[in-house]
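Think of it as A, B, C, D, E and F in the order they're written, each chain with its own count starting at 1.
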Amino acid sequence: MYGELVIINGGAHPALAQEIADCLQTPLHGVEIKKFANENIYVQLRSSVRSRDVFIIQPTCVPVSDSILTLLILIDTVRRDSAGRITAVMPYFAYGRSDKKDQPRTPITARLMADLITTAGADRFLTLDLHASQIAGFFSIPGDEMTTRILLRDHFRNKDLSNSVVVAPDEGASKRARKFAELLDLPLAIIEKRRRDAHTEALTLIGDAAGMDAIIFDDEVDTAGTVCNGAALLKASGARRVFLAATHPLFSPPAIERLQSAGFDEIVVINTVPVPAEKMLPNLTVLPVGSFLAKIIGRIHEGRSVGELINE
Amino acid sequence: MYGELVIINGGAHPALAQEIADCLQTPLHGVEIKKFANENIYVQLRSSVRSRDVFIIQPTCVPVSDSILTLLILIDTVRRDSAGRITAVMPYFAYGRSDKKDQPRTPITARLMADLITTAGADRFLTLDLHASQIAGFFSIPGDEMTTRILLRDHFRNKDLSNSVVVAPDEGASKRARKFAELLDLPLAIIEKRRRDAHTEALTLIGDAAGMDAIIFDDEVDTAGTVCNGAALLKASGARRVFLAATHPLFSPPAIERLQSAGFDEIVVINTVPVPAEKMLPNLTVLPVGSFLAKIIGRIHEGRSVGELINE
Amino acid sequence: MYGELVIINGGAHPALAQEIADCLQTPLHGVEIKKFANENIYVQLRSSVRSRDVFIIQPTCVPVSDSILTLLILIDTVRRDSAGRITAVMPYFAYGRSDKKDQPRTPITARLMADLITTAGADRFLTLDLHASQIAGFFSIPGDEMTTRILLRDHFRNKDLSNSVVVAPDEGASKRARKFAELLDLPLAIIEKRRRDAHTEALTLIGDAAGMDAIIFDDEVDTAGTVCNGAALLKASGARRVFLAATHPLFSPPAIERLQSAGFDEIVVINTVPVPAEKMLPNLTVLPVGSFLAKIIGRIHEGRSVGELINE
Amino acid sequence: MYGELVIINGGAHPALAQEIADCLQTPLHGVEIKKFANENIYVQLRSSVRSRDVFIIQPTCVPVSDSILTLLILIDTVRRDSAGRITAVMPYFAYGRSDKKDQPRTPITARLMADLITTAGADRFLTLDLHASQIAGFFSIPGDEMTTRILLRDHFRNKDLSNSVVVAPDEGASKRARKFAELLDLPLAIIEKRRRDAHTEALTLIGDAAGMDAIIFDDEVDTAGTVCNGAALLKASGARRVFLAATHPLFSPPAIERLQSAGFDEIVVINTVPVPAEKMLPNLTVLPVGSFLAKIIGRIHEGRSVGELINE
Amino acid sequence: MYGELVIINGGAHPALAQEIADCLQTPLHGVEIKKFANENIYVQLRSSVRSRDVFIIQPTCVPVSDSILTLLILIDTVRRDSAGRITAVMPYFAYGRSDKKDQPRTPITARLMADLITTAGADRFLTLDLHASQIAGFFSIPGDEMTTRILLRDHFRNKDLSNSVVVAPDEGASKRARKFAELLDLPLAIIEKRRRDAHTEALTLIGDAAGMDAIIFDDEVDTAGTVCNGAALLKASGARRVFLAATHPLFSPPAIERLQSAGFDEIVVINTVPVPAEKMLPNLTVLPVGSFLAKIIGRIHEGRSVGELINE
Amino acid sequence: MYGELVIINGGAHPALAQEIADCLQTPLHGVEIKKFANENIYVQLRSSVRSRDVFIIQPTCVPVSDSILTLLILIDTVRRDSAGRITAVMPYFAYGRSDKKDQPRTPITARLMADLITTAGADRFLTLDLHASQIAGFFSIPGDEMTTRILLRDHFRNKDLSNSVVVAPDEGASKRARKFAELLDLPLAIIEKRRRDAHTEALTLIGDAAGMDAIIFDDEVDTAGTVCNGAALLKASGARRVFLAATHPLFSPPAIERLQSAGFDEIVVINTVPVPAEKMLPNLTVLPVGSFLAKIIGRIHEGRSVGELINE
């Protein structure tokens, strides 16, 4: 239906791009990406992608601005080289938290990102666990947002979960945590954070965790402040073991310091962004997502249902 | 800066349009809107709006399809009559719940609505309490989403709220309820609904309400099933008085029957959509929003900050 | 060339959708379309249409606003489910009479409709006997407007047409009637309607019908006032038999009452919109168009000339 | 409301541009328009139009391709010089007859023209007596289509019109002619042209003209074949005097030869396109439209209703 | 991948269109292109191009305005006939010199042309030796700009080029000339033109040509003033033989007169535009480009790399 | 004409933003710009810019990706805060050298940048000395490209320029250098660089510099390799003093090291990008451009001709 499959590594996560290419038994397409001394990004494909079905693998992770611009420039390159179809594969989509005007006189950067990607020339997008599912509606092009919840569910199903609770670390995470609780057939608790005055804020555990194993569930681990405070509250509330499960391991400073002292029994994340060796904590489990993404890409390429992959 | 102010009644809520016009001391602009025998909607302005600054007041409420198409046709009419600027004022924005693909192979109708309004020719939008704030990002045109929370807060501040709790009737409402709880400096509880099997679902109160006055808070009252079940749960959990506060009084069948037997001490809503006489329950309070909208429209017309109106 | 053929019933005319699907030996694609209590329309495809060549059958007939919005929402659904190509098949296109500003300060709703359909994501349109052929030019997407005149011609060719005349019921229909007269090699007469004062209007027969069989020809029968008045004038002018031939049987009230007493020898229409049982007058002949549309759709799907079908 | 008024002569009809500028008491804005030896058109404004309200006067008449391209290049020039608003004033709009696919595999050039003008950067259009009013709907930008019928009516009102008839020279002109007949309170007749075989076609007069003064009414006089044949038919049908009234005096060859021998008592047209001296037949009256256009432009510039000008 | 290949002759250069069709062993697709008496251009395809992969051959050469409008109308025709893909093949692209605002208050007509072609509905462009390569970036659609330098190089390689120099006739041509010099491994010289006063300008040869064979190299020969003056300067500077090499033989008046007396040893151009018999000077060599274009078109049609054709 | 003037510092060049604001006697508008720990850029305006005429000062200089994204996010912020008009002021426009496909399978990033800025919502652009003037044509929005050549001319006019020559450091700079030479009424020389083999390239001076003062002129000083090699060649060719004049002082590594040892008598640049203290070489003169930009902005704001400022 479309031209031959082409996988391009955008440079932000070479290991994942390779993982996907290996699963699809397709070599990564040759591309030179470099930065000139004036910091302008240069891209050149080593061979033509004319009429091909091109997937660019690029989580828009650290260095964020460079990852985004490289993705946009790659799309332009591939489009002007007359690709048949271009899919921007963003296992992690930056600026997801800028999805509404929480404060006055602010941007909606997530919408801007969707528009920039469309303007550059992408025909489709593919992404995982958006911060809010509404962000998929920011795109005017069609695409697929998939969730890695089932990968995390499979991991936890191997544990003894009798007498456990899933905990949303803040109200924003409650819908997401509830879906995970349902998958594991566990009760739900929610932590509410409220500002007391200019300097202090108080946490309240809404629901029960005493004597239970608690799984804090969120879409990403950024600076880890919220989840580490949550872990402390849960321990203070009498929780037994405390786990942390999340999709995107951003681990922005000082996440690692905080996580090292937070006393989680296990931290489970997905490799949607690279986790460098120095951040590989002993209690950290990184689940690979390459095979899952490869299956999705394969189905998109062949024009087969993606939903069937997860029994939808 | 812009031409003379013009307020047009789109027909879905004449009383509110009149309220706004009265506050702005501007007569409603003459317009004929009718349906032919073949159900095609006909619109004709009685006089020209060339170069004027036009605001069309049209909540997209029942009859929903007609309200939407009338709004679109009005925008086209005003645009082809060479208006200087066109603002679609939708105090209630239909299809807000279709803001993401909760299920596979479904539309994102809220985004579609935003695109249709833009295509018809609106330059701006103005709306109140979207089901999700991300919907504002579905619009490519600029606009203002305002909240009526402060109107509801002012109403409840006149009550004795010592020993009260704000209750989110489901997880989706938890962020919204938390903001209201903060405004009133009250604690928060959340009701979790979970499907047990194909026929039954169980409600759980996460948090505490025993011996307290409870204010269920949501953005709209549709068929009222969730809030009435919530009220029953709260009573069973030992709550004293139970209030219901929400912005949009949709009251879709069988809302009135349910609300009549639910035993709320008071139901407080905003007149963003019409509440016909037969739905005016004895314990229902409808707060007028016309003056608030008029102030916003006045500021938009004059090019003054809207945020200042609510001390942002 | 394109993915597998998919026919979707938009709900406005299930019988015609089934007729088309049967002719194409393709089952109708499963889709759930319903209205919630709040009148929001809900759509979900039962299985994926990814990469398929989708045709949505939806005349925008009564209930008009719902038919239009359902069509738009279906297009969005199918687009976001990654269809390969989407064709909006509208055997009847509403708002065709709003194709120009006959009056000042009115919309051009037919253009608006074309833009809405494009915005929702249709790649093509297919329609029959537009009120004015210029409306095809309102679409920026390519498409096919076909005429059912040959179906009507074939029907009348079976009659004795010696000493007959084709009559345009008003000036707007004169070009259309002339083409039909040419197909049957008959002379043409035109009825002119002119307003005498605020309350009365006079009809004039331009041309001759005395002692002849007259076939009033128009694109649609709406409230039937014009054609019934025309029939009376023709009888008064000495016409023998009077037939009515038209494509779209809208039969808006009080069409049926008028037609019952108008004394047509036969009324011949096409089933571009449903004719409910209670409107099936004894002298009414409804010609099926499903096979014709199926042949067109088949050719579009296969990338073959559609004009060849009618020897163009 | 807008910047200062600027009138630019696009070169296709300098006399009319000057007429308009004189009526508006505004000098024509300096602009150099020339063709290089390689036939590329060159445009340069002599002074800046930054923020001004610019009207470009350019009927797209002979030389048609040059007139169109000059208009497009002028719009681009004015837009890139940062004009505040740009109105394309096309008293005659070419390609009006290519407004639908009368034949298979043809373009809809009138829609294309509307899109080209929009793409070049026009904010509005202003035109007179389009071949079909639907063409106004081809534009996605707002604009004004005005009719010169009242100028023609005023001219004929000075004649003795007792026992007169307005005649549409073909079916396509019947709606237009009927409106003119109504303005003068005269009856209507229509000439039908039908192809008999590959070489001959027959004209039929539908209606009556014997012993009457006949006014053939059309939107334009192109090669004048249709109207001259119509005049002959009318004379043969016993008409007394025969007049010709039309808006656009295209007079394409061999119009002048035909008109010279057609024996019209008077030919009345509007100067929407230039009539060179050698085409000024003795029985030709050219009514000036500059003052009418100037009044419209003045109202558009000041943001006042244009419809009021003609008592709409 | 795409539908069957279709080559359409746009009328500006029938011989080249035929040359291309012959090389591709495809008959030219039947199309009627004519001008009505009112100078409106009429287009009709003789058979359908539905779903086909259409290439329209149309250098936008003399008559320039007609060539451009015919191209645009052809694209609209082919698009509305539902072509699968449309490529505008412009071996010569007019208005290339209007690629920037060299003077204030001028247009950027080359960008306008790119936008017009896109608006009309082209999916791709294919062109040769743009006046500035940046013009390719004026297109928002993908496309291919190829150079004929290798054809010219192959021609000159057959000559004795020991002791030769490539000469840029002005600074604007210096980059282009340098690339040609590199291809032939020859030194470069540049002619600088400077205005002395309102009436005279002086030429300076920067670099050396005494005793050498000189090849003046440019992208086009327009009125030939610059290159003929350059030839005179070179002779005066002691050059031996003087050649002229250029891609586009526009030969606008008075080019032929100038070239006849300029004394070039040979003038070598490419047939990107027609060279009529009366311009076939004895010392003129016209290299055919049809085979080169046919190879490129073949590769585009088959989805194969075009760069490989020239060993990129 | 437009709302009140607002100047926003985009953060890439605070000193220049302040310089401009001071000249316009307008305080910089309050805005918070920061980077979160996850490197997402956050923007919030301290007060509303509703209906204002906003100019965002942001050369897209080092850190380039951040400067670009901050500009785009600022535009979105200002647009969603309902600014009346938004002008992106980019005294230096990055990616200017990616203005064409010099190599196969590369992007045209400069066009992409123009599209991104437009998509974000800018109404206009303002920039200085683009690498190629054609880049202005990459923008679909109107704007102003101005040159700082007259500032550099004024600086050099104060020197003794008898017996001087302007030198283009490569062919790409020859047009630009020639214009500067004309401004100073000096002769021109050009340096040609040609690759000899994979490792060495040879420079040739086309023209004469022996015994003369030479001014190397370019649009920017990036890594300074070309200009320093040029200086060495000029000295070797017998030049007396060697100056360097350029607009944009990028000074990318190892520019400073090279310039320190190149022996220029003076290096003269414009402060379109910041020159940090450690790069302030003793022989470096940085001319301020704030006053020039302020005058342009003032004229744009007031709707007055900008060309008049430089006597165009």
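Methods note: contacts are C-beta pairs under 8 Å (C-beta built on N, C-alpha and C of every residue); 3 or more make two chains touch, one makes a residue touch a chain.
Being a predicted model, the structure only gives us computed values, none of them experimental.
**Q** When C-E is set beside C-D, which has more C-beta pairs in contact?
**A** Between the chain pairs C-E and C-D, C-D carries more contacts.
**Q** What is the chain whose Cα centroid lies farthest from the Cα centroid of chain B?
**A** Most remote chain from chain B, centroid-wise, comes out as E.
**Q** Rounded to a whole Å, what is the gap between the Cα centroids of chain A and chain C?
**A** 50
**Q** How many angstrom lie between the CA centroids of chain B and chain C, rounded to a whole number?
**A** Centres of chain B and chain C (C-alpha means) sit 38 Å apart.
**Q** What is the distance, in whole Å, between the centres of chain E and chain F, each centre taken as the mean of its C-alpha atoms?
**A** 33
**Q** Please output the residue numbers of chain D that touch at least 2 other chains, ranges allowed.
**A** In chain D, residues 47-48, 80-81, 101, 104-105, 108, 111, 115, 307 touch at least two other chains, as defined above.
**Q** Take each protein chain as a node, join two nodes whenever their chains touch, and name the resulting shape: line, ring, star, complete or other.
**A** Topology of the interface graph: other, matching no listed pattern.
**Q** Under the stated touch criterion, can you name all the chain pairs that qualify?
**A** Going through each pair of chains, those in contact are A-B, A-C, A-E, A-F, B-C, B-D, B-F, C-D, C-E, D-E, D-F, E-F.
**Q** If you look only at chain B, which of its residues touch chain D in the complex?
**A** 3, 47-48, 50-52, 79-82, 84
**Q** For chain D, which residues are in contact with chain B within the complex?
**A** Against chain B, chain D makes touches at 1, 124, 142, 144, 299-300, 303-308.
**Q** With touch defined as at the start, can you tell me which chain F residues reach chain A in the complex?
**A** Checking each residue of chain F against chain A gives 36-49, 62-66, 68-69, 72-74, 76-77, 80-81, 94-95, 97-98, 101, 103-109, 111-112, 115-116, 119-120, 222-223, 250, 252-254.
**Q** In the complex of these two chains, what residues of chain B are touching chain A?
**A** Contact set of chain B toward chain A: 99-102, 104-105, 108, 110-111, 115, 132-138, 140, 145, 171-172, 174-175, 178, 182, 187-190, 192, 194-195, 204, 206-207, 307, 312.
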